[in-house]
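Can you read through this structure? Questions will come right after.
Naming follows writing order (A, B, C and D), and every chain is counted from residue 1.
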């Protein structure tokens, strides 16, 4: 296994800077960093707390050649950005990470063991405060049932040789259950949510899937009422590259008002879902970045599943593909009603 | 000293909620463990262990607040054919479209008891007072803010521990800070010692004793409940105690911040420094919105159709590009580095200079919740180091 | 902002169900409305004058007219407010007739709805900005696609006006289906005699450039300026050198089907379709040529006295600009074989199509006008005509009428008697449709003078028996089944759109129906126009029709083209997309979805690439507006904010 | 019960004209639907439909040219994809998918338009207010 530092140092020969991680983030876990010199790169690390999708920085660094350390999931964002011509394949060097074995939900550790507790999150084991714990239990939801263990594109490969992942992803559960429309159950939104709050072993998605439309409406209203419009969901998203001209923050067009309430928050998320149709690679950064814990991936996962069903398309898996909503198929597009 | 048994807290809140809205920290359903100050209603759980993700500034500066409503009224007598506009002047072309605007005031804010704030949250209120409630009459007085502030009672939970993100001890009294609190609860075995800091705090203690009488029948203190035979619990909520207030020995401090203001001024133009510090920042507004002292706002009209609307005041954040975007298209703070520089300078240089208070109480929320692990203390340390050795940017 | 609302009563058409005075009264309470009135007939001269008066007296800056469908009178009222000195686009029409008064009977329901619709119109017009059309110069050249009688007529009419025309024909000669006909009904004129002079005229006209063996490859651009790629297919014959001597055809050893003669008889791999072909130039069909199939042969090149044969010739694509296009791609006969197994499905040689029979009748046909039945060359004595094969037949998915079958059956029955005096013709018909001038009389003559026996009913089955064919049908008039022994059966096959008509329509951005007949813009009032400006229809490509109708439509199309190009420049609709370049992020999703190539990249001074709309190409569909993530590509007249405001007003 | 709020987004060339034709033929229809005219269903932003639902619409109807007949050739093909995706996403947003209907009505199908309106209005009536 060649180490991440020397790979970054090697790639620095070809690019202006490399996006990676250092161990010195807040709370004692990995934080994103930029390396421009071999000396700076000495500080680079890779461990299971390297959760961030660094592709978010690529559209902001278009005037430079950039190396990027990308997990399998992150590499899909890079691929999608290239496919959308947002970045130039020739100006980015991808250091793909293979066999990570899933990354760690640091928030979950903090929640149960206190903020800043010493964490040693290797790719095959997890130590909290010096004691080994079941790594599986603290994996991020999105890593369960991962379909992107290998990077889609890479120029260099970093073998992380982590443990294998088992378990059913929250997302997968939602997908299965949502495909039946979920109407006509007796579970109310409130019951479902308090069950989720009380019993962490039951994934929220499973409960969500059992709700009918009215219950879901209540569910979202309650979720969105927490939103403070910090836009972390948007800013953490590698595909949200409209940046300063985002339609969530303008009166022309006037899709949302400037107030902070559940209604505006709902419209914001409807915009995000709509704009990411066929573009979301499911990296989960929006949900991870949300400081008030709104389960945004419930919607994104659902949409990604529908798009795969309708158009046989997964964003960020094919540099040459035509995004499904920017094209059409005269004969093939199925329609459920006439 | 008064003693409040832990198990009596719900009852205290119940009594308080008869007269005011009560807000208290609680873990929210389906939120992955997010704790926030929420409107407390009978039977709601409390979370006094975890730190709330957002500060308590919502109580005095809500994320969105209606300033007033307005509606346009038009026309009037429309008779005959053709219909004429009522405001038509003798000259033929009317001066206006005959419209009048009706303003409806916002509902006045009610009284609020905030339960379970921390010293850093409470202190932040006095920091905000320095801007919004300049009672000397010379400065700015914000009527909405003042009304809410006057109706707010803060019951603070004293910190006996800290976590690695706390740095309140860097500023004056740290965990022992009493400013902004009306009543402080010190955790002791089995409950809390209550110290009233202000008359409002005294009222809380009194209401704990007497509220039964206020709402119930004309029973005196100590009378037993005629139905259950139990002593009225109002008497037992705050007991006299001989215990001493515990010494809050927790320190959470960033060292070496002396002369920060001058040092920040020295590196103001060092844009490279600010770029390096913000390289991982993604420009979201969480740090400003979670901050108990950040207070920037936007005033905007929201229409419902073309005839009526409301004027709202909502939080705004200096980390947003649009915050300083000018209509011409020019933006004086075009990059993240410019915006972050302003944020730090506002907190540690301009506000102290103008308002005499540091715009930070060391609560650490911006550190705990930052999606990219940016630590404001690192930035301050770097700023101090960098300005100490100009030309050597240090390890960026 | 000063808005005037005019509520039309349309006599009682609207006022009968909508309380128009209440609508006007309600309008006065709407934001910025300072004038509202009801008018009896808004589109009438006094109605329009009332609008102009109100605009001028009250200084109105926007107008809402609640009346009939904007599809009816939008243009009228734009002109009206233009006359009042306003920008023509500062007017919004609200449809309270077709969408309200005419479909509701309850006055309250209709009135409430009308008020809502006016409210929506006010919200929309409040967000309208003045729009200005631009003009683009037109290319004063015309493309005619298809060299049948319609195409020839259109080309000649246009060329006579002085405009240069390019007449493009897919096949090796112009003349189309008419050139294959023996005689025409109801006058029994010789078809070639009247058509070939026109063909020659087209070839020789100084303003017509004729391109045969040529197809349309791609079409870009829009009314006034179409950029068309045409593909001239390799025929291995140098057109300028060929003298039409036909020696190559005579000597060619490669047999090939005779397409001109509808498969009756055989032709050669290198051939000229018929002696009167225009241009009179041979063409080689590689798929039948021994040189290309087997690799050896070269007879034609050897024998050609003009050295016109070139085996290395390749397709040539050229690009030309045109201001207008006439589509005259005609028809072909419906291929009946699969749909009618009961008629033998093509297995019986003596069951022929009407066009094949036409060639047998023709003096210039393969049998030199001697009618011989294909199986044994004998002269048929009993000839049965079966009408409506692939027409008026729901069971095979062809409910349409071919419009000429009844007439050409009568013609062929007459000609049969003329050619074979001792013959007897039978005609199975459903109805006799003979609506043209002299047509009814003609069908009568077939029966009375030429003894054709007409039987009303469908033919159920045709089967061979003792060297003859038995035609089983029903005579619905006598009510019994009929069996007729026939020497020859002629199927009056219906019309189908020309092969590839749909594909061509897509290249031209025009619409077509389920049979791939091309669609006119309006069935009554715009029968020659298509839904795409600058493209016109002539002849049977639009629907089955006979020669005089085709020629008339061609003349009409020509008049439209001449009118269009006489102006020199064309006003473009201002309701096109526009890009806010300050906020454009340069993702070009708009360009990805644009069907008109109307979006191009523009580099700003700071190096940013942004989208730019080419106004003259944009058609205003708005697909780009939706595809644009920050919505900075905006369709003028239908902006996001206008649509949001309309929606919000309705939900208020 | 308050009156139902139904919004229809219709393309100018086919469905709006089809609705005109229904009007010309005096085909009676329920009175709840309010029509918003657009050049093409390709101009219908799915967000517009979501916004309508969010603001209290009880039903939203989109109608355009039949596939192959789009005045702009391709607009309705884009719409077909966008709106099919939308209708599948509605349940996740907490909106009953039956409240949204997407169909094709040509300029000559006045009777069909009247049927579409009658059927859709009846369906939403049966469901009640959103």
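Throughout what follows, contacts are C-beta pairs under 8 Å (C-beta built on N, C-alpha and C of every residue); 3 or more make two chains touch, one makes a residue touch a chain.
This is a predicted model, so every value here is computed, not measured.
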item	value
Reference chain B; chain at largest CA-centroid distance	C
Pair of chains joined by more contacts [C-beta pairs], A-C or A-D	A-D
Cα-centroid distance, chain A relative to chain D, in whole angstrom	35
Between chain C and chain A, distance of the C-alpha-averaged centres to the nearest whole Å	52
Centre distance in Å when chain B and chain C are each reduced to the mean of their C-alpha atoms	70
Cα-centroid distance, chain A relative to chain B, in whole angstrom	31
Junction residues of chain B - those touching two or more other chains	none
In chain C, residues with contacts to at least two other chains	593, 627, 640, 644, 648
Overlap residues in chain D, where contacts from two or more other chains coincide	46, 51, 68, 74, 78, 82
Graph class of chain-chain contacts, one of line, ring, star, complete, other	other
Chain pairs in mutual contact under the definition given at the outset	A-B, A-C, A-D, B-C, C-D
Complex interface listing, chain C residues touching chain D	69-72, 95, 97-100, 102-106, 109-110, 112-113, 116-117, 120, 506, 509, 511-512, 519, 523, 531, 575, 593, 595, 619-623, 625-627, 635, 638, 640, 643-644, 646-648, 650-651
Residues of chain D touching chain A in the complex	46-47, 50-51, 54, 67-68, 74, 77-78, 80-82, 84-85, 87-97, 101-104
Residue ranges of chain A touching chain C (in the complex, touch as defined)	84-86, 241-243, 245-247, 252-255, 275, 322-323, 325-327
Parts of chain B lying in touch with chain C, wherever the complex brings them together	72-76, 78, 81-85, 87-88, 92-94, 97-99, 304-307, 329
Chain C residues touching chain A - in the complex, by the definition given at the top	583, 585, 587-589, 592-593, 627, 629-632, 634, 639-641, 644
